[in-house]
Every structure is written in structure tokens, then in C-alpha cells.
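Here come two complexes built around chain A, the first alongside chain B, the second alongside chain C.
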Partner chain A sequence: MHGDLGNKLVQQAKRTQNLAHLPPYQTELVRAVTREVRDLDKDVAALLEPFQGSFHPTDDQAVACTLLVNHLSMRRNKRCLLAYHHTRTDKLEKLVWKGYDVVDLAGQQVGDGSVNAGGASNVANGDGSMNNLSPQEEDYVRQYSDLLAAYKGQWTDIDLTGSLEPPRDLFIDVRVLKDAGEIQTEYGQFYVRQGDVERLIAQGYLQKLS
Partner chain B sequence: MDIDDILREVDPASQSIPAETRDLQALTRAWVAERSSPELLRWPADGLFERVNDRIKQQIERVEEMTGDMDPKTNFALIVIQTELERFKYLVRSYLRARIAKIDQHTLHYLSSPDMRARLSETEQAYATRHQALLHNHYLSSFLSAFPPALQNLNDSAGNISMIDTPDTDTAVFIRLLKDSLVEGRGTDGDGIMDGKNGDIIILRWSDAKPLVDSGRAEVI
Partner chain C sequence: MSYYDIDAILTDAEKVPCKFELDVPELGYLDNNPAQPLKSGTTIGLPLWLAELLALANRVPSTADEDAKSFVSLNLPPALSNEVMSALKADPRAVPLRDQSHNFYGLGTRMLDLFEEKEICAVLRRTFVTRAADIALHAGKAGATDDMGVGAGEEFLRGLEEWERKLFKKAHDGAKGTKEWMEGVKKH
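After this line comes the complex of A and B, so read on.
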């Protein structure tokens, strides 16, 4: 039945929206839906062939109806594919904004230069989302990271990926959750300037105490 | 006294306040408006962000100079300056992020006409164009290139349904009138007209509020 496969993709996308991690890319399903579109297109061409470009819908309503259904099915499949891929890129973009190293960029850490985290972090690896990407998605993440870095570069003093919570206190107490190597800030060790350690909190090394 | 009171007390056109303070007010207004309106608003053309950026730079330098000083008095001033600096940075960051979020959501819509493009800053235009190109490439390499050529576009409008998603301009917004003016609002069952007074707070559709906001007779809150 036309559209069944597309429906599965949409269900996958819907499921992805509510998950914390990114489920594996459905290579087979994507290929099958794409194949369906190509087959439908061939059917349309075959149906139209005997008419030599002079087809009038009113003359043969059965053929006209088949053509319409095929057309709509193709467009629907396209939308399903777009929705599926867009849901995933959306999620990937969010991870990039949060500063996670989605694809292991060989030590090229997306981070705040003022804090030396001591070794590249790879939070996204923890839930295995890296292996769940398609090669195209890996490319996309890499390119999007570059794009974001370029845009951020226009606003170096603001730290665009910083916290979106309104700042309250200049200094905060933190608890260390994981070894992060040596960290140098201007003031003390556990009572630190919030702007200096935001990245470490986001990456799970430190916990903010209120 | 909160930020709204401060905003209401000062007329945006007033010249008696120092330029720095006026810029902060303009920034706060832009931030509030951008966050509450469903559509991307025009990027301030008067160089507001260049000025704000320069001042943030100056203050960062100042903080660095003062840090070496051990005098307790300087230390206190330092904390005040740094706190204010963090707030400034937050305003700019939050404003830019609100815009990027809108641009990302409806990229093709904002890139589709010169009129729309004019709302974006140059950097935002570059970002949006590149982002859209990346996405299209990603779709192409993932599945779209295997499609029949006629179906490879991302801006079809076959069957009267455009593929380009647009912001919902009928979303409700709150506005505050800055001048007495006639407010017209369209409703589902009937339209309404009211005589608005300066300071009135009204909830209505963004499509109805937009002319008032654009002409400076009201502001989004």
C-alpha cells in the first residue's frame, strides 16, 4: 500500500522528538521510501506513454485517478522523508549549540577558550548517538559546527552559546562531579565566577549549588 | 520598580538622557519585543549593536585593568561592573538567540523576498543562506538526489500548498499603547474597534498589532 513506509518514517520522527538521544538512522527505510517514489514515477511515465503527451483527464477518468493518486503519494513520501530528516538535524543542531562534540572532531573541542577543560570532552558519545548517525549526518554536523563557530566569531565577547538564564550572581558555589584536570580561574577554587565555568556545568563536570 | 516601570517613564525620543542609557533602553525594548512577537522583527539599523558591542569590549578591558588592583574600594566597583557586564551580555545573547531560533524555523520564508531579507542583519543573512544550503545538500545526499528531477525542489507550491512554512501571524500578543490611538482587531466571529489610551495594555492578534508597533504607537510586551 502506498504510504505505509512513509508513515513508519513519520512515526520514527515523532518518537525521536521525545527521546533524549538520537535513535539509529533508518537507512533501509529511507531507501525503501525513495525507491517507492521512483517506482511511482516510472508508473506515471508508463501510464502516460500511450497518450503521447495529449492526455485529457476527462477522456479517461480511471487513468486520471491513478495518476492523481500516484502524484499525491510521491509528494507525501517526499514530505515524510523531509520531516524525518529535519527532525534529526534539528536535534543534532541543538547538540551542537550545547557544545557537545557530536562527531568526534579529533581534539577540536567546541568550547570556551577561557577555561581549560583538560582533554576533549565527548558527552554525546556516552549515549552512543555517534554511531547512530548516517555518514551524511556526520558531514552535516561537522559543517554546521563550522557555520556556528563562524557566526559565534562575530560575537566573541558575548559567548552566544552561553546560558540563557538571566544572570543573578556573579559568583556561584560549585561541586565537582567528575575529575576535569586542572582548572584555572581568576578567583578561588569552589567559589567561582559563573561565566568562567558555565561550559563545565553544561558538560557535567560541575554542579551549581544554590 | 521593575524594568517595565523604567521603560514606561522614559519616552524613547527623549534627548535629555545620556546616550549610553538610551542605548540600554533601546536594547531592552528590542529584546522584549523580539521575544514576544511571533515574527522576526527588523534588525536595528542605527548601529545600536555596534555601539553596545564596543561598550562591552571597553568594560571587559576595564575589568582586566582593575583586576590587578588590590584596593578594597576598586574590588567593590569591580564586582558591580562585572555584574552589570554579565547582564548586558545576557541581553545581547538572549536577543540574538531569539532571532536565530526564528530564522532557523522559517529560513526559506525569511530568505524568499528582498523585503524579508532586509529584516536580517548581514551576519544573519550569511548564516541563514549557508544554513539553508547545508540543509538542502544534506537532503540531496540523503535521498533527494535519487528523486525524479521534478520533485527535487524545496519550494514547490503544487496543489496550492506551499512547501515554505511561514510564521503564524495570528498568534496573540500583548501590546502597550504609547500614544492614544484607534485599535482595530479582527476576531473569529466579529471585528472590534476600540479607542485606546496611552498606557493601555491590550491582547490581540499579531497581524493587527503589527501596524501599531511598526508606527511606534505601541510596543510589544
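After this line comes the complex of A and C, so read on.
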């Protein structure tokens, strides 16, 4: 019956809430639900057609009931669609705040095609969630990142997305997972100041060695 | 409860029995019979998002001596039937609520908004309180042993519905967090 597909979408959203990464965007399902809404709208138009704009619910209660059912089904589908996308954008915003360079990672993976086999699990996650975005979601992430960067830019002496854990040591050992080009830090190559490389760790270029 | 609340939306999909009060030619598909009109008096399980408003929408009486009626009349779903209520009265812990409905309390509160059922209300409250104590007990044990308490009380935990699962997870995380913090204190 109407609304069953929307329900599937919400069940997907429910699963998404409990996952660390973002599962693939359900293009087909979303399309099917919107198609259902369009069909329902056509049904409504067809039902009202013979009345020529002078329909009185009291005169024909069966039609009034059908119209109400159609209307409620459309409204239900709308809520399912919105909630599904809302759950996903929530997750994307969280990823952006955590400093995963979601959009960049995708570009790289498409670009060189070879993902470092020794990559840590969070690297795989970053890559995995990226390819699962719809084009609109990619755009959303890009613009949200820009907004966040502009917001952060107001304070130069504090990194809003930095770790809240006080570091045990000022310097840490890191392992390079992916070629990141020439990177200059103040003190050296592999024994580096944690604050300097926090972002590279979050993006998956480096792995912290404890 | 927010518009985007996934659990609220899933609760909205729970089915309740509805009896149609009029013939509707176009709605046969609701009864899996699209070719036939839906006859007055047919009872079908409809999701709450449909049933509630169909039951609340008033239609004007067609003749003067008829009372104002709605399109459908609602009934309590099987999850809140007398049998389930008796079982809960006997021992709230012995009933796997999940088998009745994944959103058992959610469904209960929605139905009690529509029905004046003092007794069901009282039974549900007592059930929640009694089970919550048990959930906290299991969660504390599981949190302290690092696994999710597999083995002990497995049958009971399998029967938890969504609210209870959330409660379990919060209690579990709380116990685990306390344990970690205590260990951190000892180190310094």
C-alpha cells in the first residue's frame, strides 16, 4: 500500500543512525517514493476533475474519504523523504566537524585509484562514506565546509575543530599512510608536534603511533 | 517528538484495526483487493498516520437524524489487548514486549491519547518501572564486564522494545564510562 516505500527509507535512516559511516544513498528508493507522490497527486486531480472546482465533501463522502487517504499518504511520504535526508545531512555535518575532508578524499580515490592497503580503518571509513553520497549531498558538504571554515576563521588563536583531549605529550610519532607531498613542520619529519599534524591524522594521511 | 524523529515516524507506521463506516469504491486496495469497492463494516489494519486522522475527521451526517460520524472507527491493536495486559499484570518481566510491537510504549502512548483507558495506562506504567529496574541491573553488569552482557539475561534483553533498548544503552554506557574514569583516577 501507499507509504510502504517511505517506510523502507525510514528504516534505512534508522540503520544509518547506528552506523559509524554513511551507507550508500538510496537513489532508486527516493525516486520511487517521489513517483508515488506524483501518482497520488494525479489521482487527486482525476478525482476532482468531474466536479469542476465545486466539490463539497458533504455531498460525496466516499470521494472525500479517498481524497483524505491520498492526501495523508502524500504527507506521510513527504515526512519520510525529509527525515531520511535530514538524518544523512546530520551525519555529514558531524563528519565535517570532525575534520574529515570528505570531498577531497573522494576526488583522490577517483584520481589515483590505489588506496593504501595498510590504511587504518578510519581512512577506509572516510573513503567509503564519500562514494555513497548523492551529487546534491556532495555539494552540501562542500558548502557546509566553506561555512565552517569561514566561521572558524574569526578566531586565529583557537581551533574550534581541534581535539578536546589534552595531549599527554607535546610530540608524537606518526606513520605516513599516504603520500601527502612536501609538508613543512617546525621541528622535523616523523617526530612532530601533535598540534601541527592533527588535521592530517583526521584526514587519514598520518597514523598516530602510541 | 520532532517531525524528523525517526522513532516517532516508525511508531506512526504501527498498525491499528479500523472499521470503515462507509462504502468507498476507490479504496479497495487498502484491503488488498483493488478491483472491489471497500465495503462499509470492513475491518483492516491501517498505520497510525492514516488511521488517526481518518478516525478524527468528522463528516457531516447525511440525514438529519443520523449522528455525526467519522470515516472509520478505531480499535485497540492486539499489542494492547486484554491477553497482553493480563500477562503484564502477572509478571511484566516475562513478556517479550518486542514481539508485541517494536515501539510498544510509543504505540501505547499514542493510543492512550485517543482512548480513555485508565487501566491500560496503569499497567503500562507499572510495566515500565518494573522492567526499567531490571534493565538497569543488566546494563550495569554488562558495562562492568566490557561485553554487552551476552549470556546473562539474554532472553530478557532480546524482548526489549525501542525505548527500553535506548535505556539499556544509556545505562550500559554510563556504567562503562564510570569504570573507565575510575581506572584513570587510579593511574595518576
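As a working rule, the second predicted complex is superposed on the first by the 140 of 210 C-alpha atoms of A that agree within 3 Å, B and C clash if a C-alpha of one lies under 4 Å from a C-alpha of the other, contacts with A are read in each partner's own complex, and residues count from 1 in each chain.
In the analysis below, a contact is a pair of C-beta atoms (placed from the backbone, for glycine too) under 8 Å apart; a residue touches a chain by one contact, two chains touch by 3 or more.
Owing to the predicted nature of the structure, the values given are computational and were not obtained by experimental measurement.
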{"item": "Chain A as common anchor, with chain B and chain C clashing or fitting", "value": "fit"}
{"item": "Touched partner set for A:G3, first chain B, second chain C, both or neither", "value": "second"}
{"item": "First, second, both or neither for A:Q194, with chain B first and chain C second", "value": "first"}
{"item": "Which superposed partner A:P167 touches (first chain B, second chain C, both, neither)", "value": "first"}
{"item": "Contacts of A:W155 with chain B and chain C, given as first, second, both or neither", "value": "first"}
{"item": "Contacts of A:T58 with chain B and chain C, given as first, second, both or neither", "value": "second"}
{"item": "Partner chain(s) touched by A:L82 [first = chain B, second = chain C, both, neither]", "value": "both"}
{"item": "Comparison of chain B and chain C by chain A residues contacted", "value": "B"}
{"item": "Overlay on chain A, chain C to chain B nearest C-alpha distance, Å", "value": "6"}
{"item": "Intersection of the chain A residues that touch chain B with those that touch chain C", "value": "72, 75, 82, 86"}
{"item": "Chain C to chain A touching residues, read off their complex", "value": "3-7, 9-10, 12-13, 22-27, 29-30, 47, 49-50, 53-54, 57, 59-60, 62, 71"}
{"item": "Chain B residues within the chain A interface of the complex", "value": "53, 56-57, 60, 67, 79, 82-83, 86-87, 89-90, 92-94, 96-97, 100, 104, 123, 126-127, 130-131, 134-135, 137-139, 141-144, 146-148, 151, 154, 156, 158-159"}
{"item": "Contacting residues of chain A [partner chain C, same complex]", "value": "1, 3, 7, 10-11, 13-14, 17, 47, 57-58, 61-66, 68-69, 72-73, 75-76, 79-80, 82-83, 86-87"}
{"item": "Touch list for chain A against partner chain B, complex", "value": "30, 33-34, 37-38, 41, 72, 74-75, 78, 81-82, 85-86, 89, 93, 134, 136-137, 139-140, 143-144, 147, 150-151, 154-155, 157-160, 162-164, 166-167, 170, 186, 193-195"}
